[in-house]
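Note that the chains take the letters A, B and C in the order they are written out, and that residue 1 is the start of every chain.
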Amino acid sequence: MIETLVQGVLLGGLYCLFALGQSLMFGVMRLTNTAQGDFVILGSFAAIAGMSGLAAMGPANAATPFIVMLALLPLAFGFGYALQRYVLNGTLGKDPLPSLVVTFGLSIVIQNLLLEVFSADPRSIETAGLNTESLALPGGGISIGVLPLLVFVVAVVATASLQWLFNSTRLGRAFRAVSDDKEIAELMGLNSNKVYALATAIAFVLIAVAGVLQAMRTTVSPSDGPLLLLFAFEAVIIGGMGSFWGTLVGALLLGITQQIGFRLDPGWGIWFGHIVFLAVLVVRPQGLYPKTR
Amino acid sequence: MSALLKASNLTAYYGDAQALFGIDFDLREGETTAIIGANGAGKSTFMKAVTGLVKTKPGQIVFKGEPIGGLPPGEIVKRGIALVPEGRRLFASLSVEENLLMGAFAKRPGPWSLQRLYTLFPILNEKRRQPGTSLSGGQQQMVAIGRALMSNPTLLLCDELSLGLAPIVIKEIYDALPAICAEGMTVVIVEQDVVLAQRVSRRICCFQEGRVSLQGASGELTREQISQAYFGL
Amino acid sequence: MTPQVIRNNRSSRAALVAGVLLVLVAATLPFWAPEGSGSSWMREFVEIACYFIFAMMWNLLAGYGGMVSIGQQAFFGFGGYVMLMLGNFAGVNPFLAVPLAAAAAGLIAVPVSYVAFRLQGGYFAIGTWVIAEVFRLSFANVSAVGGGSGTSLTALRGIDKATRENATFWMALVCVVASIALVYTFLRSKRGLALLAIRDNEVAAESQGIDVRGMKLAVYVVAGFGAGLAGALYFVGNLRISPDAAFSVNWTAFAIFMVVIGGIGRIEGPIVGALIFWALNKFFSDYGTWYLLGLGLLAIVVTIYFKQGLWGWAQQRFGLSLFPTQRTLKL
């Protein structure tokens, strides 16, 4: 049982990384990014392409994927900024439909683009054995994978950083102000278009990190996106939309629930996660850490 | 003295509905002016037009010699106009201090700082970590005023400061006005209470159905003049 | 002269006449259509009819009900499976099973709404997708209907091909006409006005005495019924069902595409959208991924630059309205 819990927690770390970007974009500008999962997969394939590009220069070692990740981060930042500034900003407003349709359209475009370029075969990143290494937990007799542990740590650090950004920095104040009252925030000198673009830029950095880690952990294929979106979304709802720590907790709970489901019957694992999510929705729709407003 | 703000034949629309029908308005530097009028007369619309929240045609508003019609609100605050909006409109997710800090977002140099605001309104220092919206109406008004002052404006616009507040609280707020004006701040207040308006301001301007119906020094206007202008008689 | 409320106009009356004639002509198709191509046209019609009905119901839900859902495929697949189960296990004639399956889909929309209505806006959309996935995974784990790989509709085995195809074609025609009629009368009624009021401002509508919750539920149930109808019909034509085909999110993607291109919130919109979609399908679907990519890009561009959809743009430009649900006051 402990083993299942631990696996669930580590899986939850990954889901948290999927979910943080979604939580951020929705929190700042009420935008639901239905292509969230597809952008993660795009990140995965970008890393895979980067790896094969580097492979031309020499064999990969355990650090190579992280070098690729580092290189991807500024690209992701710029891409997210431009996407929000020039495409998504035009879809914001009272009506949720335009942003939904545009992000849904992006989802289709990304999936098919990836299919064209990479074909439907599942791929992954060569980790030079990192994904099979494990650590023995002291006094428990359980061993956990190094990579899942790393993912979990990254998730906690990302959550803490994001929370710190929101609570203690000028930009974080700007994010909160513009989501509270855009008109008055603009009256203070804030340019909402730029602030929104920054939020998405940061979200995409997280997406890139998630994408690389996902491809290191398992194989990815172009049509994997939608399922990741659903996990991200479930984590955000279970956790409540009041804080990023809530998203982490929601993600952990989702991971644990899925692992329990897999233990009961491999065919019903994901189904079980969905059902628990729906149950939380019925019983406590505001989530565990609701927004106090 | 040249005009700090000059509105010439100012028109403004909400969609297709016209709200201002050619306002001519001069503001002299360092003066406190009160705009009075019934509900729907266009007072708030005028404030919004000056601060860029409502679109106007170019050339109708000139501030410090430069036209500002059509500029986004962010630009206008950088030039030195700050608004205390009707209904306070504090940021609900931010604490009192954070609300004040948001006012300084435009980073204009000047005498106003957190320290100075806390001297003016000591209660805000006590409650500075609390969510802005958890304060009483009067305290929220202080935060809203403070937030506007943090941008070190040359012109301060106050829209309906006394709305929903008890008389003793209103007095407390207006008692702070001299300290705000001490260094030559130009202030425009929109005020429903005519007597109060006359008492705190040097000039009165009366709006009636989107037009200026009366302007003059508050000491010189009579009650009959004002009520006629107010009601459009 | 007393003020009159006018509901029709010249072009709409002309369109009504043209529509009726078209339907009558189409009904006779099986009698004079040539052997090979005729039956393939009929099969295509059945398929497009399903797309269209599904899109029209999605349009009702999103454009008029104000609820954007990415999970209507739950009812589509449910309708298909119920029809199949009634046909294979209960010996019900599949053509009779179609409306029964639609009713079943409408019924199950009630408990589903209890969960789905906890969410709003964009999160409602994704929540409905989760629910659809639950449907898919559930059916994929039931071996009696073939589990993950699906099964065939055996109940029509005894009938010869030509008769089956004709009957399916007529069934599709009836379903198309019935769903248009259903949506049109619904929207022209007082309920339709209430829906528009809710869509524009829920709180104000509630203060006018409109039962917002009840109306939204009604629309959701009708949309579920319609989606189930489309699904049941589709698999009568297809003869084979699987969870991935029945509950694929592509159904909603195509519906969104058709409605966005044609214009959300207008009845003619889905018709225009379905025609454009059919044409695109005919000429470009061989290009596989590039075709889908193009569709996605087209939807993005239309949403950003033609906010009213192509039909809505044409309406504004040329003042057309074929299915008027507006009331004009003539003084």
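By definition in this document, a contact is a pair of C-beta atoms (placed from the backbone, for glycine too) under 8 Å apart; a residue touches a chain by one contact, two chains touch by 3 or more.
A quick note: this is a predicted structure, and the numbers were derived from the prediction, not measured.
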Chain separated most widely from chain A, comparing mean CA positions: B
Per-chain Cα centre nearest the global Cα centre, belonging to chain: A
Centroid distance [mean C-alpha coordinates] between chain B and chain A, Å: 44
Geometric centre distance via CA averages, chain C-chain B, whole Å: 54
Between chain A and chain C, centroid-to-centroid distance (C-alpha), Å: 33
Interfacial residue positions of chain A with respect to chain C in the complex: 26, 30-32, 34, 87, 90-91, 96-102, 104-109, 112-113, 115-116, 226, 229-230, 233-234, 237, 267-268, 270-271, 274-275, 277-278, 281-282, 285
Complex interface listing, chain A residues touching chain B: 170, 173-174, 176-177, 179-181, 183-191, 292-293
Contacting residues of chain C [partner chain A, same complex]: 62, 68, 70, 114-115, 118-119, 121-123, 125-127, 129-131, 133-134, 137-138, 141, 249, 253, 256, 260, 264, 289-290, 292-293, 295-297, 299-300, 303-304, 307
Interfacial residue positions of chain B with respect to chain A in the complex: 51, 53, 72-74, 77-78, 83, 85, 89, 91-94, 98, 101-103, 105-107, 131, 147, 151
